[in-house]
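The structures come next, written out as structure tokens.
After this come two complexes, each holding chain A, first together with chain B and then together with chain C.
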Partner chain A sequence: MNKKTKSIALNILGILVLYAALSTLIGSGAINNYLSNILITICITIIMTASLNVTTGLLGQLALGHAGFMAIGAYVSALLTKSLSISFGLSLPLSLMLGGLAAAMCGLLIGIPALRLEGDYLAIITLGFGEIIRVIIENLSITGGARGLTRITRLSRAFSQDRTLSMVIAFTLVFFITVLIISSIFTLGRSRHGRAIISIRENAIAAEATGIPTTRYKLLAFVFAAFYAGIAGGLFAHQISIIDAKMFGFNKSIEYLVMVVLGGMGSITGSVVASIVLVALPEVLRGMEEYRLLIYSFLLILMMLFRPSGLLGTREFSMLAAWEAMERFCSRVFKRKDTPTRMPFQPRYDIWEDKPVLETRDLGIDFGGLKAAEDINIHLSDNEIVGMIGPNGAGKTTVFNLLTGVYAPTRGEIMLLGKSIHGRAPHQITHDGIARTFQNIRLFNSMSALDNVKVAFHSRMRYSPLSGILRNASCLSEERGIDIRARELLRVFQMESDADTIAGSLPYGRQRKLEICRALASNPKVLLLDEPAAGMNPSETAELMQTIKLIRDRFSVAILLIEHDMRLVMGICERIYVLNYGRIIAHGSPEEIRSNPEVIAAYLGQPQSVQEAAHAES
Partner chain B sequence: MKKRSLFTMLVAAALLLSTFVPGLAEDVIKIGGIGVLSGKYGMYGLAVKEGVDLYVKQVNAAGGVLGKQVEVYWEDTQGNASEAINAYFKLSEQGMVAYIGAVLSGESKALAEVTAEDGAPQISPSATDYDVTTGRPNVFRTCFLDPFQAKAMADFIANEGLKSVAVLYDNSNDYSLGLFEAFKAQSEKNGLSVVAAESAAFGDTDYKTQLTTIMNAKPEAVFLPYYGADAALILAQANELGLNAKFFGADGIADIVELISDKNLLTSLIYTDHFSEGAQSEAAQKFVADYQAEYGKLPSISFSATGYDAAQVLLNAIEAAGSTEPDAIVAAIKATNSTVVSGNITFDDHNDPVKSIFFQTFDSKGNKQFILQVDP
Partner chain C sequence: MDLLASQLINGLHVGSIYALIALGYTMVYGIIKLINFAHGDIIMVGAYTAVITLVSLNWSPVAALIAAIVVCVLLGLTIERVAYKPLRSSPRISSLITAIGVSMLLQNAALLLFGAQPRPFPIVLKVEPLRFGGLQISFITLLTLGVTALLMISLQTFVHNSKPGKAMRAASEDYATAQLMGINVNNIISLTFAIGSALAAIGAYLYVMAYPAVSPTMGSLPGLKAFIAAVLGGIGIIPGAMLGAFVLGIAESLAKAYISSQMSDAVVYFILILVLLFKPTGLMGKPSGEKV
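For the complex of A and B:
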């Protein structure tokens, strides 16, 4: 804690010293008009790059039209300050805000259809968007058409007759807007919303299965990035006082993207450093202007060869503690007194007596002409461990995907706690009480084990993105609560010591455990385990059996597991369903299954004991 | 980590150092030259630069201005408005007396934004957009404007005895649109009938639909307010379709020579220019000779002449003002009435020059042929 406080103080101090030094130098004339303008350009570039990094780095979606949002912000705010007849000190903040909101609005409009797509498609749509904005601006009369807007009030001249003083005020304004925006990206990134966004980058399918409404969070990140780009655009317009649509073309978007890539996708401080270097460098080498893009490309190639993940990769510089500082500051300002830690995780212990927790009725799905599953009737009661076995391709994972809403059933119904889950999205079903693990582990690899678990607590938390940015009382108390819960959960699985380890670097068996742990964090009533013992050695498998029993006892949850390891299935399952060709061919206790001739035939094509069949498989 | 911070520090140090570079001795008059010197439009800026440098060299050889030598500091904008502003901020820290530039209309407007705040004298040799000087008492130019040349062309066509005219223009391009509107108005005033006005979008490469419509309207003249690259395509396609008419263009079409493969097509094209190598006046002929001696080529881009003129107007004004005070220089420029290489020049209320216009065509080898100089 002591160390933390120290680094918080250092960060705040660093920012203030930097500001004091720069503003004094501007005030004294040592940094002249020309250099001050470069400083302001650097700040604007930092906002652009960092906000693009939210989409590209944190969310992991390639966007090629970021300059389009900048254009919207620039035009909206410039038109406002030109037309409003109130003092510039009032109209500027107002117009910046409205410019940002207009850009965010466009982000929303294009994001809703575009973010359902992924990867290349999003890139192409955003590319198109950037160009459309440019063409629209060029053809409207209010934006001055191809001639652009001129005579926009200039920041560096607007505040005072005295040029130096006016420049100092302009610089102060831009500097602190930049600091605020960067800190807000940091604090948002560390809130539950940030975790949700990063989890989408790490593994979108797992994120959805963990209860993250992925479409909504993609949209949130996208709209946020657009909002900040809009503000940067507003500042840009008032810095250079003349704008035309060509300034915000494809090349501009690419320039910012290059900075993000050079700085490291996902590293906000990397973006800051890259912006500073790439704005300052061409000014120093002004004679080499025409080679600027060449230098960029060359840097990019070098970077890809020697540091493919960018200057800082996804790591952050020492700003590490700035958000904590904000937290201290905000708690002092906004909080009346210490709010008690709110425990977000309220286990459901409602008794379902004899009625099944989960039940399917004549469930079936067709893929084209193929009946992948038909007449699936299974039921699970409270605290039950049920196995599902069958040869490869029997349709076991298909059933799981039906239960979790990844596939919509062609026929039949799924009842969870007596209610149909028909038409619910995967993340909603997770919320309703079905959690799952995957056949091939899907963790959020570059996040810590603790954060992996925290992502799954998402739907139990309430605080808004805004309180996440401000780190106000409700955010802090919930975050404290979730931290306790997440560590508790890890402790149950003896993984407490791995809390801060990056998930991807955990040993295989522990990754399996962590995935189960994460599934449990969403407080399920039904836990679906897809081949939990796959790839485990006998001693790991034995440990896993203990773990599964422990889960049932401690978490009051019904477990349905797919497994090929017959020792595990026969050892812990109370009942077993056998699937073949998409149908249930047998159902009963392990003993009954072991001696069922149909099962034996399905596995080996001839009558033989299942033990031998199992032996042959493993 | 170490290396990175060292690198940033080096950059910062270099930035700081550049501010402390000592200015040259005070017995030099410093002129800032700002404009596009590289990239797609670089040739226009370079033509301006050659013209300006030539005049400054001649003046310095003859003893300079106010007894001092003149030095021009050039900054490349890459045709980018924000770079033009940056360039101004950089130069203004170094004690420039006045500015020549910028070259393109967009960057010139941006430059005018900032020179106007300081009242610094600015002369653009080549910004033809009307707005550049609007409300800017300190900003002048030595080239004529788009409406002016469009009107002159409409008059020229009427004087040739042609009766019907068609226009093909680019409605997303400022330059093209401005020329079209002024041309149409003046044609109607002159009793020319505009039988077809077809527009194409920016970046189109196939103009056959529009040309077919134009052909069906059977015009005697076709006005093409385009830059050379597009005009080269249009002329070739018109020829393919068998469109028989005289073609007319404005100053931007001049670079068509290098871009068209069949130079024969050029013989049917007449365009307006700021200057002609074939101009008859004594000043013009001396300029062409001097330019050829200095650079070993003809001043084929007319902005070298307007650049030469801009330098002449500016330095004469400084000499006349007897000081390097911005206001005195501006007043002296405003009072200009002198003969420069592109004709006689005075400035109107809008700080636009009242000056000569040149009509040119090409021979079948693509050499420019002087037709006519029209004086105000």
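For the complex of A and C:
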């Protein structure tokens, strides 16, 4: 048993021992009814906090209405167990599930319009929805109005005549639901879907350019979180047996948000720890009843002042490792068939000899009255390195933004491999075969270099969110495949040793390289490089020239690059387009461009007009 | 017709108070991008100061108002220095949580000092309501409208025509560049908190004149509503906060009169959501897109 497996086995053992200890203590009466209820509250709080952490920590969107989803789950599930005339053992799981689904549906309804907004505005919309849900519940007759729902079957009494035994069963149920939910958040977080969600938090524009359908993933994270909040609500309703809408107001949402931030945004284990501490703390302070909340709020402020990123930051304890070990253990014990490694799908583009892979026809875009680009006719052939130069503000990056779908053209057409990409979203265009880098580097800064590259493999993987949660064969084989491919890609750029380094802490030159590496991972036919040599010293630039040639030879892509460094452009480009005032003013080989009078004029100004100006001044 | 007119006037009355509070939210947000959740509780502190000076110390209403303003300004400055300033370079959510912590601290401190029982606010003005035909307008409403209008005009003049006002606008446009232009941003932020708190104190005074009950949690609801008003108008924009507050106040009082008083909050939030869906940065907000 190696060191890793050992620590993992310890983790699983930890959970089981914890459960065994707690349930024995409850069974023997050492933990009384009151304390057992606090344990159940802790579990429910953990589910709420961890699920809110999916939206707020992983996706990076502040949500202020999480308790609203909890309310929906609580009411749906309570009404179901009250009205269904089947045994509680059957109706409870059914009602929890339906409560979760109802909350997820609401999440979807809210998310579709709301997720178009960002930052604080999204936060306010979620706040608004949370409050609307509360007010509606307060005014419906089926929900009991402002008086609330009463006489909901109590978990702690439902399972047996013996109070203690019933409590043990209730605790077991809640404990393992919590363990399952937390594990699923972990496994989803580590799947391609989780990487997609985190990449949106890191840099939404780059995520879209890397082929992530960002809107869909925002929605997925939102709905996923709502689903679990709904289940937590169902458990909550059956724990306390009387619910009313005021329990799920703004303050409740804030309470969970506080726990998420205290634990560390994006750290699921942090959420677990914070939930335990913050539910237990008021109980510890119970002796000094009056000062309890005062001390609590005081500690909260102090905590933020001295540890603004929370207890754990974005770090995690090794719960996932535990899951993997369990898997490995199970596969050994049950002799599960070893899953084959499936390599990512490699599209075989037809050989487009002599025909351009990318072609634009009279492409143009207006911003208000300004023609930012007009009559852009460029073509790129396979295995070609083409430069695009021009003074600042000439419209070079605008052309890139048109090609990658960030802007929709006012006029003209873009043909990729003979097909128009008109109306395609940026992530779809990435999928179609155009990848890019950015003028100011846009990496997913807090993800590792390897994960940055893996995000770009997203569109070439197939497994579903569910198999990501379950980590089944299709997930594992695909993950193994892209792990190999991503490392290969890093090796090509001599960045293997940086695989586990956090992207944001790489030196500048390597960040540039990593961005190119990530662009190539989406398997493009056309690679757009926006000022790749910006900020590089001469020796780094020389190295970059070698790298670009290497990319062309090895990956058989057409490369279009914007650059101001003339040594680089003249050194490696076979053809050059010169842009000025949004138009192409010259096109040809480096030699032709160097001697083109119009180009010289664009860069140095008209010699004649300079003389005239000098005359006028004197 | 009279019902409509009187509801509109009601709406303006509530809207004015929201506006005074909303300005504090929006000015602070404009510069340090912080949703200052403790702002609502400044109202509560202002109201308690007023009620204590009036009843226990027997001060005159004007002296009580000045006391409320002074206490609120000092409190606002202290909160900014102690709780927010150290976190200026931390993630924004950390200062948001700190603001929530400060809010809880203020509420619980008040609970401990004054108890949960609401205190009645004494009647400081005894003027017969004015009648215009069938329409009856209380003097407090007129006073509120007048004071609010005066304060808003002064604030606009200050922000647009004075040197610190210009510095304030520069800091809210671009914090870092304002510093490079020789503006002492720390002082400007303090000034912003001071002005916001003073307006909140006046808002609090007007609020308890209309709803004469002072309790530890009285600031939460008007605080939340004022904040929503600020977002509705476009957060960070001073005239936006005023507009948003009046829209919110009128919508709320019309919903109470014509739909249902329980559902009025839902109507308010619904309007907020609709506005944001069609104008994602609020009524007066400018579209903001990240440049690629």
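Convention: the second predicted complex is superposed on the first by the 574 of 618 C-alpha atoms of A that agree within 3 Å, B and C clash if a C-alpha of one lies under 4 Å from a C-alpha of the other, contacts with A are read in each partner's own complex, and residues count from 1 in each chain.
Everything that follows uses one rule, which is that contacts are C-beta pairs under 8 Å (C-beta built on N, C-alpha and C of every residue); 3 or more make two chains touch, one makes a residue touch a chain.
Because the structure is predicted, anything quoted here is derived from the model rather than measured.
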Partner chain(s) touched by A:304 [first = chain B, second = chain C, both, neither]: second
A:10 touches, of chain B and chain C: first, second, both or neither? neither
First (chain B), second (chain C), both or neither touched by A:147: first
Touching partner for A:180 - first (chain B), second (chain C), both, neither: neither
Chain B versus chain C as contact partner of A:139, first or second or both or neither: both
Partner chain(s) touched by A:492 [first = chain B, second = chain C, both, neither]: neither
Which of chain B and chain C A:250 touches, first, second, both or neither: second
Contacts of A:401 with chain B and chain C, given as first, second, both or neither: second
Shared chain A contacts, counted only where both chain B and chain C touch the same residue: 135, 138-139, 146, 290
Chain A-facing residues of chain B, complex: 4, 7-8, 11-12, 14-15, 18-19, 38-39, 75-76, 78, 80-83, 85-86, 89-90, 92-93, 106, 109-110, 113-114, 117, 129, 131, 172-174, 177
Chain C - residues contacting chain A, complex: 35, 83, 86-87, 90-91, 93-98, 100-105, 108-109, 111-112, 224, 228, 231, 235, 260, 262-263, 265-266, 269-270, 272-273, 276-277, 280-282, 290, 292
Residues of chain A that touch chain B when the two form their complex: 30-35, 37-38, 135, 138-139, 145-148, 150-151, 154, 157, 240-244, 246-247, 273, 276-277, 280-281, 283-284, 286, 289-290, 311
Contact footprint of chain C on chain A as seen in their complex: 56, 62, 113-114, 116-117, 120-121, 123-125, 127-129, 131-132, 135-136, 138-139, 146, 205, 250, 254, 257-258, 261-262, 265, 290-291, 293-294, 296-298, 300-301, 304-305, 308-309, 397, 401, 406, 438
